[in-house]
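Look for chain A in each of the two complexes below; its partner is chain B in the first and chain C in the second.
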Partner chain A sequence: MQQPTFVTTERYQRWFSRNKIFVTLIILVFLASITSDYFWTWNNIMNVFRQASVIGMIALGVHFVVLIGKLDLSVGSILVFSGAIILWGQNLFNFDIPGSFLLGAISGILLGSLNGIIVTYGRVPSFITTLGTMFIYRYFMMWVADAGAISGSRISHTFLGHGYWLGIPVVVFPLILAAISAHFLLSRTLFGRYIYAVGQNPRAAYSSGANIRMVTVIAFALSGMAAGLGAVLETARLNSISTANSGVYYELDAIAAVVLGGASLRGGKGTILGTVSGVLMFSILNNYMNLQNVSTYLQGVLKGLLIFLVLYRQNRLREE
Partner chain B sequence: MSQVATDFESKNPSAGMRWGKYLWDQYSVIFAFLVLVALAAILNEHFLDIGNITNVLRQVSIVGILSLGMTFVIILGGIDLSVGSVLAFSGTVIMAAQVTYELPIWISIVLGLVAGALLGVINGLVITYGKITAFIATLAMMTIARSLALYYADAGAISGFDSSYSKIGNEYLAGVPIPVIIFGLIFLLSYIVLEKTVFGRHIYAVGGNTQAARLSAISVFRVTIISYLICGLTAAIGAVIETSRLNSISTSSSGHMYELDAIAAVIIGGTSLSGGRGRIVGTLFGVLILGVLSNIMNLLNISPYLQGVVKGLIIIAAVLLQKRD
Partner chain C sequence: MLLQMKGITKSFYGVQVLDNIDFELRPGEVHALVGENGAGKSTLAKLISGVHRPDDGYMVVNGKPVPLFSPIEAQRMGISMIYQESCLVPEMSIAENVFLGSEPRWLGLFSNMMKMKRETKSILRLLGMPLHPNTKVKDLSMSEHHIVAIAKALSLKANIFVMDEPTASLSDSERIRLFGMIRRFKANGVGIVYITHRLNEIFEICDRVTVLRDGKKVLTSNVNELSEKELVKQMVGRELTQIFPPISEPTGVELLRVENLTRKPWFEKIDFKLNEGEILGITGLMGSGTEGLAKTIFGEVKPESGKVYWHRQPIQLSTPRQAIDTGFGYVNRDRIESGLFMDMNVYHNLTIASLKKIHRYHLVHEQQEHHKALDAIIQLDIKTHDPEQEIKFLSGGNQQKVMLGKWLVAESDLYILDEPTRGIDVASKSELYVLLHELVNEGKGMIVISSDMSELIGLCNRILVMHEGRIVNEITHEEATQERILQAASGIRG
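And now, the complex of A and B:
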């Protein structure tokens, strides 16, 4: 009689540890909705999603790099670089929204691939490579723009940042689309299998036919692309990009969201659902504290404590 | 030890080649520094002026001290992203003690150092006991420490009124700026701890192979906590110099991005991010290389933004040129 109970408890524990972020997210939403009248209104929920859009987009890309056990610190700088190119495309060549997305994606892919190539062919650790390119990409644009801001003037671009479609902010649609594609890519394609395989055991992945270098370069390219697409959303919000201040520390926010979502920095573990939950969690936390009139300056404390709380001893179950 | 192995397997076992390889492996960062200094001296006649050299040293002293602490945790196989924020936090404690609570200067300094060490210990506890990766744990500490400082001062600056405090950051002792003397002393101390003590050996052991270290009866817990304490303490010492330079602390911009500069200096100095390997002397020269580079580019009137690009290139190039695993 005792054994089945034991098994069930263990199963619950397992399930809980695997879905800790999801449970925490639900608890957070629950607490927020009973303590604030305004939280559970359509407008506010949409605000949460809107605020999450840029970091969410970046985190989806960083997710791939984290899965193969590497880091990408350059995404904030890629965002600035691509943002400048997008706005130049609009100002000088009259590009509209599709052109902007294309420019963002292409510039992001190029910069991300460069990271990947240095990591694979130069055999430089990803932390160092992307720390270096983080300086290079940002300061290059600061040099070109004299550390100033670049502004656009397209009305359609402003609509992307501020408009609504079917009652939902337009910026949210690219994010949903990107999340679904990333999920599909990871769970339904050979490339997705290879990503997990390279993260878990590169040698075994190599033996089973994965081109590790190619997989790594593509992962970094996807990370860059996501940052480039994030740049479209970021520029749409303000219709400008500040080469000195935009995207600062975004890479750390994105990595924190990915890890909060259950991914391991050692690679091979993590789901898109987890990463999206991680992003939403930070966004809800910020939103809730704004609703409760908690000082903006204290939000960092709660963000840090949330990381401690969710990740506390999480690795223990895996190690044992 | 891996050094012996590669020499043995080397295809060119001639003594000269071996010596050359050995020298390059051990001292490439010093060679790079000497080449840079020679280049700088040729490019600008004012570079070797005593005033300019003093200036370079003074400019690098704060990030230099942070880099020394960072070397400890990186050799341990960890990382500390929180040093910039810890600097702002300790600086806030120091200035608040002086201005709001009107405590004597030496007490305010002690409080600042204790605050930095305490945040370092918390980092260490979260990493060892909470089993959170160093990168993420110190990232969380980075937002917490900065946010507390911002909250206390409403994101503004706190300025002191006691002009004797600004002596630390601005005065000279025997012709050498006091921050440089502090930097030098802490370098010597770090050198002794890392190279000449059992504790230093333990840091290398834990960084090289945690499991083996544990099996050799090294308390990984204690070594980790003390290393992060040292790192937090160096951030607090940096805070003393930073606050006394201007007799004020800006909670929003003091220490901003210092962690990245410190990590860059350690990497350029040849310390491996995977832990267990690296020299504190390398970090010293890594710091000096970054300092000389920005100085000579200033002297040559090159845009400060291009200096950032060059810094990034140097970080990658340094690792490309150094020996690999």
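And now, the complex of A and C:
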């Protein structure tokens, strides 16, 4: 019989086969760099990161929900809800950046947990639940704010949204921190193990001792929290939030990035590196198209085609 | 010659699974394919049915060479496969499942429901399973599931059948009916590749046998020129002396007691006691409630009434989590649906139930994890190229071992094993029996639910026989015979 052996080259091979999307991203960067003079400049690359920050933050949260084989369509609305609360906190109570992050996280966790509780205890499919709360969260805020915009006034937030530190946009740092935390959570903790287990085989996870309801609620809470943190970045960039127009389609962009990153909508599969790569890929595509003066509308079409192309290739590779 | 394969070679992820295999199938013969777990039987079957493609070698089907082909082309060429794990659509009816992909049509457009139902009914009747063709597959039990999968394969007008463990979850009478159908096919010149671990079936139904060992062909021979002993020797590569280790005496210290446990309609008024160091067998025909009983003891299902005592203390388990924390381990009979995480690696599958023991501040202690998992891998002789490989790349028997390994890692005190040796080869089986004995000798308790008579008789101190949800007989090891168990299980008082 064969004793367990550990071959390093094989590990590299496996790493590459599991992170194909990352390799694809590198290729895309390379192609963009040789076809455009301006693309591979510090300023522009930082621009790519800055543009990716809000969707990136949301996608990191949605990643958890997708991992347990569910969907969260309410994140765009949570972003609006939390954004409004953050700006009120600034205007009425004079909260600074830490206060904003705290408000964003708490409001996001509450709204996300509500989704999770409806899904687990109400036994409503996540698609329906979050479709419902997508309307409720947004229209509630529109009703409160009379469908208008809420503006902020603090200079420190402008620094968060537009400033630079060590030549890197400040808004990128929370994203990096969140990505590392999410990766750590998934790969090192018990919760990470359980989340993959529940996603791959809920019945087996249950009989192996996983608390499926708790895992589900936490996953939705994390998704909400990420959307709340995304709201901090969004309000910092724009200094205002429009209850009617902010965050529209963000949930779909986030899901698209997660799926592009190799996660399976049936759950149990997907890495943070993949999701981050997916987000960056969309951001690069937009950026490159802008540099090449392609119409914004056509960009949307190309975005859809990119999803088809990458997923087609992935499925082909999986079959072989 | 229906099928001819020459020099077939196949490897997965750098591991050679088949090495230069020659294989042929004549019209009207049942050709058995045997070997230990991981010998390459299932892979060879999947090559024949077009699921995998060989790296090297060629295949000739019905006199035509086939360079590369897919499952659909294989079906078109008259090859039909019954898989070890059936894949049916739960939300569809039996008839729709049987004819999925090959629906008889009106004007090439509308599926002919009447004809589908009629033909499904007649196939099911031949298999001795008078189910209504409109029944949804999700409402079927596991063995009914399997029958439908067999019916699906048989409904195709094929002249080559590949059957991978077709009798694994069938009762005796269903098996006899299936053999009847096989004989009828044989008479019509159909060839059948028959994969099995049950040696007696080879001598009962097969004409020729090909033995694989570690991906290589050992021999092909006529069945009547071979003795059972010789066959086992060829499979294992050495002589097997004794299959069951001697039964040891339990200590007499009570471990588990179940009183008056009821969960209708599965079972009612179940009473039994399990001592430390005892192996208790539970058996019964399909629908006798054995599976439900196991699930209830493990806390997956709440009982309607009755009490469970653990070390003489009454306990109430409402989730598997509590059962695991108490020291229970449960090997489910269905490894795909509720046992394993196919996209997780072997380590993670082994430790998933004992994460509570290998963490610090909720961080998985990987060194401890690998240590414990490797212990189980070595103890159970799980054949894996690299434990960080996903478990879906392991053979069925090795996956089964991982299911048990999960509870070894969790250091359980009570093992509830539902069909623990399903799909495991002879040599691994006897190794497993030795291991089970080692566990009970350490004072652990074991409940073995099985439909394999020789396993029950050889392994258990006592055997409880269930019939329609009640325990109808308790047979000690000394008195146990196949007839007695079967008689009790079918409800005949004796």
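Following the convention adopted for this analysis, the second predicted complex is superposed on the first by the 294 of 320 C-alpha atoms of A that agree within 3 Å, B and C clash if a C-alpha of one lies under 4 Å from a C-alpha of the other, contacts with A are read in each partner's own complex, and residues count from 1 in each chain.
FYI, a residue touches a chain if its C-beta (ideal position, glycine included) is under 8 Å from a C-beta of that chain, and two chains touch if they have at least 3 such contacts.
Owing to the predicted nature of the structure, the values given are computational and were not obtained by experimental measurement.
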| Once the shared chain is lined up, is A:M142 touching chain B (first), chain C (second), both, or neither of them? | first
| request: Identify the partner contact of A:R193: answer first if only chain B is touched, second if only chain C is, both if each is, neither if none is. | output: second
| query | Which holds for A:V301: it touches chain B only (first), chain C only (second), both, or neither? | reply | first
| remark: Larger residue footprint on chain A, choosing between chain B and chain C, goes to B
| said: Which partner chains sit in contact with A:S207 here, chain B, chain C, both or neither? Use first/second/both/neither. | reply: second
| message | Let me test your reading of the model: by the given contact rule, A:K269 touches which partner, first (chain B), second (chain C), both or neither? | response | second
| Residues of chain A touching chain C in their complex? | 1-2, 4-7, 10-11, 14, 188-194, 196-197, 200-201, 203-211, 268-269
| message | Give the list of chain B residues in touch with chain A in this complex. | response | 81, 126, 130-133, 135-137, 139-144, 146-148, 150-151, 154-155, 260, 263-264, 267, 273-274, 303, 305-309, 311-316, 319-320, 324
| Considering the complex alone, what residue numbers of chain C touch chain A? | 13-14, 298, 300, 319-321, 324-325, 330, 332, 337-344, 348, 352-353, 355-356, 359, 362-364, 374, 377, 381, 383-388, 406
| Across the complex, what residues on chain A touch chain B? | 71, 118, 122-125, 127-129, 131-140, 142-143, 146-147, 252, 255-256, 259, 265, 295, 297-301, 303-305, 307-308, 311-316, 319
